[in-house]
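Here the chain labels run A, B, C and D in written order, and each chain numbers its own residues starting at 1.
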Amino acid sequence: MRFSGLRVLKEGLTGNKGWRPHWRDPEPKPEYDIVIIGGGGHGLSTAYYLARDHGLKNIAVLERGYIGGGNIGRNTTIVRANYFLQGNSEFYSHSLKLWEGLEEDLNYNVMHSQRGIINLFHSDGQRDAAARRGNMMISQGDDAILLGREELRKMVPYLNFDDLRFPLYGGLYHPRGGTARHDAVAWGYARGADQRGVDLIQNCEVTGIDIENGKVKGVQTVRGPIRAKKVAMVAAGRSSQVAAMAGMRLPIESHILQAFVTEGLKPVIDNVITFGMGHFYISQSDKGGLVFGGDLDFYASYAARGNLPTVEHVMEAGMALMPMIGKAKVLRSWGGIMDMSPDGSPIIDKTHIDGLYVNCGWNYGGFKAVPGSGSVFAHLIATGNYHPASTRHRLDRFRTGRGIIDEEGKGSQHNLH
Amino acid sequence: MRIEGKGLIARDHRVSFTFDGVRYSGFEGDTLASALLANDVRLVARSFKYHRPRGILTAGSEEPNALVTIGSGGRQDPNVRATVQELYDGLEARSQNRWPSLEFDLLSVNNLAAPFFGAGFYYKTFMWPRAFWEKLYEPMIRKAAGLGALSGQDNADCYERAFAFCDLLVIGAGPAGLMAALVAGRAGADVILADEDARMGGRLLAETYEVDGKPGHVWVEEVLAELRAMDNVRLMTRTTVAGAYDHGTFAALERVSHHRADRGAGAPLECYWRIVARRSVLAAGALERPVAFRDNDRPGIMTAGAVRAYLNRWGVAPGKAVTVFGNNDDAHRTVRDLMAAGVHVAALIDSRHDAPEVDGVQMIRGGQVCGSMGGRGLEAITVRRTSGEERIQTDCLAMSGGWNPSVHLTCHMNGRPEWRRDIASFVPVPGAVPGLRAAGACNGAFSTAACLREGAAMAAAALEDLGIKVPQVATPDAEDTPYALEPLWAVPGKGRAWLDFQNDVTVKDVKQAAVENFRSVEHMKRYTTQGMATDQGKNSNVAALAVLADATGRGIPETGTTTFRPPYSPIAIAALGAGAEGKGFQPQRFTTSHAATVARGAPMIEAGLWYRPSYFPKPGETDWRQSCDREVGYVRNAVGVADVSTLGKIDIQGADAAKLLDFVYTNMFSTLKVGRVRYGLMLREDGHVMDDGTTARLGEDHFVMTTTTAAAGEVMKHLEFVAQGLHPEWDVSLTSVTEQWAQFAVAGPKAREVLNGVLDTPLDPTEWPFMSCGAVSVLGVVARLFRISFSGEQGYEVAVPARYGASLFDILVKRAEALGGGPYGMEALNVLRIEKGFITHSEIHGRTTAYDIGMGGMVSAKKDCIGKTMSQRPGLEEPGRECLVGLKPVGQDGRLLAGAHIYREEAEPKRTNDQGYITSVCHSPTLGHMIGLAFLADGPARYGEIVKMVDGLRGVTTLCEVVNPIFFDADGGRMRG
Amino acid sequence: MRITCPHCGERDHREFYYKGHALALERPAADAGEAAWDDYVYLRENPAGVTRDLWYHEGGCGAWVVVTRSTLTHEVLSTEPASEARA
Amino acid sequence: MDNLVAKSPCAGLLPLTVGRSTATEVDAGKMTMVSPRKGHAEALGKAMQSAHGLGFPAPNSAGTAGEVRAIWFGHSSALLIGTEPADGVREAAALVDQSDAWAVVRLEGAGAEDVLARLVPIDLRLVSFPVGATVRSKIGHMSGSVTRVGEDAFWLMVFRSMAETLVHDLKSAMEAVAARG
C-alpha cells in the first residue's frame, strides 16, 4: 500500500477500514542467506539496503523484543553531518544525503526536519576548533557557516548573552542539520524492508552463533536454530554480549545516556542548539516538547536508567544557557545504553570469522547514522568490500594505531567520548 | 456550586482571582479547580489535537485536561494543573491552546477533520512536494502543537535545591502513610513524611469515613499534631516524591511559594530535594480511571472520586443534577455523599447486573453510558441497557472504572508491576525498588482499615531491617469494605471514545494501531501517542492496554505491562538546575592579581575555571592588536610581567618521587640535579600526548611539577592513579600546591633587573643559569624562583605564598613599567610562544603523538613509561602522519587563520586532498607578518615547500611557505643569555 | 547511586570520577606484546552483570577505589582501595 | 622600599549575616599538609601526639589540642593547623605548606545546618555529624572540607581562588533559608 495524502483522505472518508499492517509477522524460516541480529535502526536499514541496493531478499532480521525498541526509540533525534576527521566526515556526509531523500525512498514521513544546528563556542580556541570543523565540512561538500556573536544573537536572542559563565563568542551553523521523528525511521525502514521481502522476526532472541572451522553457519534462537550463510551483528547496547557468542571481545564499554522531554509548549526553539561547555543540546519537537540531553552518566551500565547528578548537570547547563526555559517542566526522562568505543567512532567491519560481520560502537551518535550505517554495512556484507564512505571504521585500528578517529581527543577511555 | 456546611476550606477567608480576565472569588483552601467549579465554570481548556472543549476531570496532580497558565512575563508558568494550584488573592489564570478565545476556538475545526487525523496519519502524508515539509507543513504542525507557552523571557523566580537524609521516607500522607509515619515516629526513627498535597490526609480529606470513631480529617489532624511534636519526624507538605534512584536516593519537588500571593520576600518558588533514605514506604494511593464511551470528554464528566473530593473537601457540587456511572461499589459512595449533601442525583448506572442496591436513587443495573450530549458542557447522556437506549438529562457525570494503584515509583528502576485479576489492576512487585515497600491503595489494598494496617506493618518491617525496635501501635477502627468490580474499559459503539484525554487518543486509534501491526504495547503507545501527554498515561494507560489486549486477542498480562519513567509529575527545569543561572553554573577561580588586572581595564577570558587577562589596554589604543604588539615588545625588548599562577603545580615528595616521574614522563627525571628544572612530556597510556610542563627538583626526594592550566586536574588524577593503583609500593606523596603559590613570569632582557629590585639577595647569573631553581627571599618573604621561559627571552618565574600575590604583582608591574615594560596578557603570551614554536593544547589536542610534535626523541629508550609501548604502534610512527610545522605567508600581508586546512598549491580544496590544518596563528610584531603552527602530512620533510591554506568558512585562501616551527631565535641564545 | 569509599564511608556518586574497568590495574610489561597491550588498553569484557571498576574519589579523599558491582542493577557488592586491590 | 602586604582569601567578602546564620573568615595561621611516609604512619602519630598533643586524625575526624588542630584531609593526609610541624613530624611525613592554599570560613548559627543542606551532599545534622567530625566532600560544585567545630558552627574550606564562589553560594543558601523563616 502506498501512503499519500490522497490515501489518507480516501480512508478517512470510508471509515479508515482499509489500513493494513505496516509489516508482516512471519515465522522464521530454517535458513536465510543473511541473518541480521538486531532489529533497531541500524539492523533494519541494513536489511533495507541489502534488498534495495543489492537485490538480496532471503534475509531475516532477528529482534529480541519489538523492532525499533533500542536506542532508535530513545534518543534526542538529531541528524547532522558536522564532523571534522577523515573517516567520519565522509561517512556522515553520505548518511545525511540519504536522509534527504528518505521520505520519498521509504514512502514514509519520518518528519526529517532540516531546521539547522548551531554548535556554540566560547573562546578563541574553541572558535579555531569550530573553524577547523567547518572547513572540513565545506571541503567535504557540506554546509557550514561561522556565526559571530551578533549574528548568533539575531538567530537565538533568548540565549544568555549577558552573564553566561562561559560567554558566547559565536556558533558554527550547519543549516542542513536537524531532527527526525525517531520511531518513524525504524518503522519506515521496517516497512520498506518487509515490502522487499525481508522477514522481520520480533521476540526472537539470539542465544548462540554457530561457527564451524572459522566460518559462520547460523544462529541459535529462542525460536529454534536458523542457518545462515552470513550473520551480521548490529545490536548496539548489547554488542559485547552478542560478540561473546562468537568468542569475541570488542573494544566497547556500555554506558548510560539520559535524555529528557518537557511538556508540550508552543514553538520557542527553532533550531538544534548544542552547548559544548555544558555538554547540553536541545531542540523542540514538532509536538512541542523540548527534547534535550547532556553527557553520559559515566559508569558502565546496562540498566537503561540513570542517576541524579547527571540529571542535575544537564538542567544546570540548560538554565545557564537559556534561562527562559526555566518554567518548562520535565515530563519524562529515560536512559539508553550506549556502545562507547575507545575513540568515539563506530566500527563497521568484517570479523576474523568468515561470514560474520560487526556493526557497533556508535557512542551517542547512532541515530543520525542510521541510513549511512545501513547502506555501507549492506555494501560490505553484499560485496565483501568497504564502501567508499566507510573505509576507516575498522576493527583493527586500535591494535595497529592506524586511522584512529578520535574527534574528542580523549584517548582510550571509553566514557570520555 | 458551593454547598453550605460542607468542606474543609476557610469560609471566613474569601480570596479573589481571575480566569481569562474574569474576576471570581473563592476561599482559602480552594484549588483553582474547586474555585472554578464553585463558580460554575466548566469549560477550562482545549485538548491538544482536536481542540475539544474540556473541563476538570480529576482533583489531583494527574489532571489531564484543566491545564492553565499562571502569571505573566518572566513568571509566566504554563501547563499548571488547576487541580493542584492553590488559590490565593490576586491569582491570575489563563486558558491555553485556543484562538481567539476558549469559547470560540478556530482550531476546533480539527475536530471536524478527525477522520483524517487518525493514529499515525502524519507518517503517511505531508511528503509531497518535498520542500513543503520545512516551509509549510512542519511550521503549521508546530504552531498547532503544544499547550501552554513559555514567555520567552528569562525565568524571574528563585529556586533552590537541598539534600536530606532519613531512616525512613514515607511517600504519601493518606491513611497508610500516616500510620507508617506514626509507627516509625514513635519508634524514634528518623522519619520524613512527604505528601504532594498542601494538606496531609489523602483520601481521608475527600471522603466521609470515620477513623477511630471520628471524622477522618479529625483523626488526620490528631496524628499530624503528634507527628509535629516529634523531633525525629519531618513533615514535608506540597512535596512530590518524583523519582526513585539507586541506593535509596529519591528526587522530590517541594512547591514552596506557588500558593503565596507575595513572592517578593526572596523565598524560593520551589525546592528540589534529593532525599537519601535507608528505607522507604510508598503510600501513594490510587488513581481512579475513567471509562471510555462516545464523547466521554465533555466538561462536566469527571471521575467519581473527584466529585466526592470536590464535595467533601471543598464543599462544591460540580453539577445540579449529577449522574453516577461505575463498575464498582466505590462509585456508590458518590451517590450517598451527594444525596446526604442535598445534591440531586439523576441516576446511578452500574454496569454490573448484580450490583448492590443503593436506596433513594434511580438505579440502572447492567447499564452502560454510551454517549454524551452538550456543547461546551455536558447536558445529557445516553444509557444503554438490554431493553434499549435511554437519554438522561444531567450536567455532571461522575464515572468510575475502578482504581489504579499508584505504582509509578516502583517502575523507576525498571521494575515491572504485575497484573492482579481480582482488582483488574497492576500492583507493585516487592523489591522493585530496593528498600521500598508499598502499603495501602498503591499496593492494591483499598479499604481504609487495610491501608492503616499495611501502613503500620510496612513501617514496622522497614524498622526491623534497620534494627530499630518497633512499638505496639494499635490500628484504629475504620471502614473495611471489600472492593468489588467487574472490569469495564470501553463501552462498545460508534463514535469516538477517549482514552488519553489530553492527546486525544481514542479507542479507535488503539484498534487502528493494532490493525496496522503496532501490536506491541510500546509500538501502540508511540504510534498513537497514547500515554505521552502531561499525565504520562496516569489516567489512561491501563484502559488503553486493555483495549489493545482485546484488539489483539491477548490477555492483559501477555500484552505487556505499562511502565513509568521519572518524574512522577512534571518538574520545572529551573528547579532541577537551580542556582546555575549566570555565573552560578561553574565556580569562578580568580588569581591574586585579578582585582589589579581588572582595575587596569584588561578584558578577562576564561581558562578552564580561571580568569586571565586578554591584554592590558593603554589610553589611545583602539584595537587589541595594538596592545598585544606593545606587550610583546615589552618582553622582547624590555621586561614583561604575567601572572602564571593558574598553571597546575603538584608537590611530589618521597623516596620514590623520581621513580614516579620517570614513569609518567617520556624523558628522565631521576637524573635531574637538585636545583634544576626540566621540561617533560607526558603521554596517555594509548601513546598520545596528555600534557607537558616543567618539573623542578627542590630536594633529593622533593619535586614540584607544573602542568598546563587545562590539564591540572587530569594530571593529578593520573599521578594518583599511578601512585595508588599501579605502584602502591612506592613511597610518594602528592599534594596540589597550585593555590598555595602566586607565581609570576618576569621575562625579557631586563627581567633580572626587575627581580633584583625585590629579591633580598641579587641574582648571581652564574648561580642562576637557564633551567635552574631554588628558594629565595622576596622582600623578606620565603619564595621560590625558577629560571624558565615560555617566551624565548631570559625569563624567570617567581612564586610567593598566595597572600602576598596581589602585593607582589603590583610591585613587579610598577618596576617593570619603570624599565619600559609592563604587564602582558594571554594574547601577547600566545604570540611569544608561537614565535618560539612552543606548543599548547591547541597542538597537543589529544590526537597528537610525541612524534607528531617533533618530540619523538624525548621518549627515552632507557626505560618504560606510561604510553611508550602504545606510542610505538605502527600507525603512530609511520610516514604520512600530520606533523608540526611552521607556516608563513608568501607575501607579507598574507592572512593565516586557525582552523583553516592545507592543500598542495595546485590541488582542489576538497577533503580527499586535505594535507593538514592550522592550529595557532598570530601576527608576529617581531617578524612583521603573520605566522602559524600547523600539522602537515610529512611536514618536517617539506620545509621550503609552498602550500595553500584554504578557509572556506571565511573565504580566505593564502599561499604559505612551510618552515621550521621555531620562527625566532632558533638556537635559544636569548633565553639562555 | 551511592558508593562506599573505603576511607570516607557511603557517599553520593557525584563525588566520584569514573575511569573504567579495573583491569587498568594490571598493566602489562613493556614487552608483553601487541595482543596483551590491545587487551589492556582497548578490549573489554563489558559484562552485563558483575564487574569491577575504578572510581576516583575526586570530590572526597582522593582515593582510587575498586568497586565490585552489577551493571544490570547498579547494586554495589564491595569496595576496596585500589592500593590494596592488586595483591 | 617596597613591602609585601598580605591579603586574605575572603578579604572584602565577609563577614556576612543573613537570618540566623553568619559567615566569617578564619585566619587559621599555619596550615601544613602532613602525609605519612611509607611505613611511618605509626611513628607519625606518635610524633604528632608528643609534639602537638594530638595524634594523626582518623578518617572523617578532626582533633584539637589548645590552638592546634589536625583535620583529616584525604586518603593519606591531614592538615595540621595552628603550629609549625615539629621535627619528629618532619621525619615521618611529607610536609607541604598550605597556609595560603585554602579559604577558611566559619559558618555558625541556628540556620547553619539548613544552609549546608543546600550545598553539601552529606548528612551534617548534629546526630550524625558531631563536633569534631569532618568530611572531604563537595560544597556546591567545589571540592572542599567541612568540619563541625561547635554545636552550631562549622569550618568550610575551599581552594583560595574560589573564595568568591563559596561566598556567593553561601549567600544564596542563607537567603533561601532565611526566607523560609
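In this section, a contact is a pair of C-beta atoms (placed from the backbone, for glycine too) under 8 Å apart; a residue touches a chain by one contact, two chains touch by 3 or more.
All values reported here derive from a predicted model rather than from experimental measurement.
A simple rule picks the central chain: find each chain's mean C-alpha point, then take the one closest to the mean of all protein C-alpha atoms, which gives B. In whole angstrom, the spacing between the mean C-alpha positions of subunit B and subunit D is 31.
Between subunit B and subunit C, the centres computed from C-alpha atoms are 26 Å apart. Chain centres here are Cα averages; for subunit A and subunit B they lie 22 Å apart. Across the assembly, subunit D contributes residues 75, 121-122 that each touch 2 or more other chains.
Among the residues of subunit A, those touching two or more other chains are numbered 303, 307-308, 342, 399, 412. In subunit C, 1, 12, 14, 17, 19, 34, 41, 58, 62-63, 73-74, 81 are the positions where the chain touches two or more neighbouring chains simultaneously. Chain contact topology: the protein chains form a pattern that is neither a line, a ring, a star nor a complete graph. Residues of subunit B touching subunit D in their complex: 158, 160-165, 190, 256, 265-268, 271, 274, 276, 579, 583-584, 586-592, 610, 651, 653-655, 724, 729-731, 733, 735-741, 757-758, 778-781, 800-808, 811. If you check the complex, the residues on subunit B that touch subunit A are 48, 76-79, 113, 115-116, 118, 121-128, 130, 133-134, 138, 141-143, 145-155, 157, 159, 161, 243, 245-246, 249, 251, 274, 412-414, 508, 512, 515-518, 520, 522-523, 526-527, 529, 532-534, 536, 565-567, 570-574, 576-586, 588, 605-606, 684-688, 690, 841-842, 845-847, 870, 873-876, 878, 897-901, 909-911, 914, 917-920, 950-954. By the touch criterion given at the top, residues 1, 12-14, 17-21, 34-35, 38-39, 41-48, 51, 53, 55, 71-74 of subunit C touch subunit A in their complex. Those residues of subunit D whose C-beta lies close enough to touch subunit C in the complex are 59-60, 74-75, 121-122, 135-138, 143. Those residues of subunit C that touch subunit D in the complex are listed here as 7-9, 11-12, 14-15, 57-63, 81.
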